[in-house]
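Next come two complexes built around chain A: one with chain B, the other with chain C.
Up next, the complex of A and B:
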């Protein structure tokens, strides 16, 4: 498997002058959402647009500072993790009110956690906390204290609360009553979401002025990135969330002052081979894909530096593993990325009986080495990456076919029919702790893409990863503030 | 007699709707990727949640069962919930229909006005340069794909309804020009012109009655033309109308939404064609 962490930069490109002056729209900030938010219920958030709304409206107990990656108190003034990693206690802020005026208390946190962990709700946020079967208990000794106990240790439990927006247990407005800086004032499906300043927001700046400074945020729904760029250039929107490299360079060439490179993201691009036992592909290909030497050779045969240079205009860097350099705690700075070494690649292949015949590589039974890589159509970066991989591997005598599919077809192939040979996709990472990707790394997990739902680990290295991932939650207790 | 004809039209519309809805559901059901949900790739989801997501598609797998239930619910006004957008289909349609109606309405109005005015001017003026210019202009727009036109209008920050006009206008112009030219060549109109009848009178009293019924037929067709153009225009210009909804439904293999949008577009198209058929009848009846 090859992994490539992308410096795909950027959380936000700020038009500083515009954001500071709000010349276009008084004290309203305007930007685009790329799709309709699927839900305003913070417990059910699974898409980017809903996540943006949750971030701006939801009140959380603790917040991971996106710049320092440290945990900061929000609605909780202090918290303590138990030594066994199974429970956490919070001291809550007093005199806090929801946007509709309902008072906030530990009962609301208990209500939120019970809903979050209700198996019938199928909350992606709740699933992050699910490390073992059993009941989740909430003890409320006083209106400002709560202890939440899980049946098994949860790794990075305190940081996971960054995604848990507290619901009101008493408000008739249900999830529309919020504790964050803004509340949803208006929404028209497919058109816009309008957020207004929460008059009851608890936070104040150092001068004692109530936050937020903005009166409203208008997010028009616009999936066309060219229109977004055009509107940004014309000053009709104030910021662009998450730029790609091409777009970034285009703006940099004309309006460099408007850009702020926020550094690498947590996301990565990866390619994997289908190693599913009953996949409808020839047995000899399965044998290739299951061979460590074959996979290592492919990895050595791909010029990652070229991919970063040509496809991402140097806004990406070769990965050293699944953890992005943006992850300050988990990234190992001593590791070096896999080098491009076609000669070593051929040596690994020879160890498995592969041989060159003219310009074609053949396996020990004489089959020409040929496979297809599927990726999602419309993603020009992935399309270009697969084309470059095709060229690189062509130099080893491997014939690669590039197949682009629309997303539903692609998902069907990699999750249901397993009718594919190799895939190139991205791993979106919302969390700093690898525990959040438990469903990718555990061999028994559904999202263990190259061979999902193994009854028992089929390789030693998967067994080792399973062991480490399961051991991780037992590691830590801690105290905050 | 006319009432019987209206009934026959209604029967045809109903049958077409039922068959069209079923065919669109079948096509979506058979499309690769049906039943696959992007959410399944969410690395946070537990096996149980993924299983639940997959099971939620189970009711749609049997297409006959789905369609029967869909129709049963639709009779009571429940059009189901959009799987890809997570909202009731009825609400989505109600929110977006006015946008498409405005877009297409304005597009048709401008397209017809420009196309017809140009056709009349060309036929009545009979100036070669004007004819070549108008034919060239219409040919240029005719040869540009709707998506390219949409992007041009985005680039120049022009109203998207004009993109619809640009798609409708060349067809209206070509058809009207040929029709009017044919009508002006009829013996009784040549005679009228030779006798020195005013051009407005010739147009109103002699040309229009001949060309009118076919123009009305084109009016019906142009509605479906505009609706068809609304899909790429809305999708590319980021306009949240029915066209964009249709695009999203197709990409998301969203059965309930796709069937409803198909039925809606079919209703509008058939209603427009039926309307023009009936108008032609009335027109011809008056002439007789």
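Up next, the complex of A and C:
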């Protein structure tokens, strides 16, 4: 399922951009962060709150327009990718200054890249650029030009710079000196983050007026969604990030004019079977789970349309594959979602020797078909989905046990002990490029959920996915502006 | 027994019997999903409307009542039995036996029971039927909930042990387990009864808490805990008052136990 996170981060950014554009000078924008930002260092960002701060304060070379999904120039006025996909050259904007007044130059970009790729820094953003062993070189022929060379091709390299906020190599304030529209003026742990207008921000509107219009942004730390909803209704905060379907519908019934449904997000919910060779589950169940016919039958036996309608109140749509329709560049519009077809499901099962005996489905050795689906407790949407799947598969004679576990126990089972049969979880994705999901789709990857860290692909279809994922980085070479 | 206590007893009996009898005449099964009408308002077909998956709320409330009201007393009985065994024996024999029992009791009392329940649930086998899961949940509650009662019973036994009539019984040649069975345990009956009655609502509420966390009774089996989760997205009393049914039942049952308990505490 592709969830329409009405304002998932990507959409949040879109709305925020609009709010910032329409706001009048002198205003303060208020909204809530769900948790404290873990860091203000833009290279170390790994959580939503820090990502929000980075988006609002960081100056980047290029920016992916969240609405058009096209790259736009920011601190770089033009850029060029080499044909081999290993290096990229930027022409930089002149007369740009950090929030503390220190000037911006190619030296700052080189300094940022060196820190980004320094293994000692452990930058999650830097991980996206790590494509092979070897040194990253930066060549600065002039203060306004820089070429960055990587040891191997980096997929979607130009788009990845959307996440790289440039640090100052000379400012004593280090990462607190920023090139974005706002800077962090105050922070009280557990209480609030206050951003103030960057007086040196380089961008101007069409009338030549310096941006941003807003004087400040106050983000209180508040994890309670009910309080957030109440404050939004009272007009005490200006926007809400990441609405779920129930929350959206409640607000729509009372404050429809305040809502903007921005369409599907990049996130998905997915169910998989444990196919780990040494998993502590019976051998006959492993045989079921590794059978394409069995998995196809399960897929056909689940009524996705009902899941979207009943669980997500139509704020979701049946998935065609791992790529969301929100991803305009990679989504194949010709593909159709898997239909709900219990009769075909039974045919696939019969091909593998399964047979119905009364209300129970049995395999060729007479074992009743029964398995458990684990999901994280407290997530009502996933609990509802598993309950509906339980009933759908029950109609095929398959007995499903729904087990909700606390998150650490769940993660331990799917990553360490592999003591589970099927799982239902979500994939959060904030990148358009499939390269960002390399850690899921490669058979050797640790997050290849159904059978992690395979030494070599154990099935032909996994080998084919490996080949395609490794081939796609070469598609990215090009020129911008 | 006062009038209000009689009323509480009758109310409890009516709820238990109603839970058993009415589930026979409610047309819908608690597992059936009327997917075309999720979150429906009350109608002739669904007297309390439907839940978020289109299941008949009345059928689920009645079945949940049956589960909570049958298994909570069973768990309370188990915990009281364990408390009696540990508390009475340690209080009667005293000395190192009492010190050891009280140390273990303090240790159990100091455990964060919620996290303990989460940990125990996490190591249980995954492929258990919903009915087995509910029995396991209450069994765990019973096995982990004896400590506070054991302390009370240990103190009660110690007081009895040093009393004049027990001294006289000893002087008459009554010793060991015969003294326990003939004089001590019968005199502890009111305390045991009170501890049992205290435990029932505690276990009902504990299961409800676990259910709210999504860790109680497995789907599709209903319990008061899982039914109370609906109130997370409650639209308010003016728009969806029928959703309060499981909460009102819970309050009513716990209140009834408290009213009955008040008399037992006085008796004890």
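A few notes on this one:
Note that in this section the second predicted complex is superposed on the first by the 455 of 481 C-alpha atoms of A that agree within 3 Å, B and C clash if a C-alpha of one lies under 4 Å from a C-alpha of the other, contacts with A are read in each partner's own complex, and residues count from 1 in each chain.
Just so we're on the same page, a contact is a pair of C-beta atoms (placed from the backbone, for glycine too) under 8 Å apart; a residue touches a chain by one contact, two chains touch by 3 or more.
Computed from a predicted structure; not experimentally measured.
By the touch criterion stated above, A:445 is placed in contact with chain B alone, chain C being left untouched.
Once the two complexes are overlaid on the shared chain, A:230 sits against chain B while remaining clear of chain C.
For chain A, the partner touching the most residues, choosing from chain B and chain C, is B.
In the superposed pair of complexes, A:406 makes contact with chain B and with chain C alike. In the superposed model, A:185 makes contact with neither chain B nor chain C. Residues 405-406, 409, 412 of chain A are contacted both by chain B in one complex and by chain C in the other. Note for the complex: chain B touches chain A at residues 31-50, 52-53, 85-87, 91-92, 95-96, 151, 154-155, 157, 236-238, 240-241, 244-245, 251-253. Listed in rising order, the residues of chain C touching chain A in the complex are 31, 33, 35, 38, 52-54, 118, 121-122, 126-130, 213-215, 218-220, 229, 232-233, 235. Only residues 246, 250, 306, 309-311, 370-372, 374, 377-380, 383-384, 386-388, 390-391, 401-406, 409, 412, 419-421 of chain A touch chain C when the two sit together in their complex.
Contacts from chain A toward chain B in the complex involve residues 36, 38-39, 46, 119, 122, 124-125, 127-128, 130, 188-191, 221-224, 226-227, 230, 234, 405-412, 415-416, 425, 427-428, 430, 436-440, 445-447, 453.
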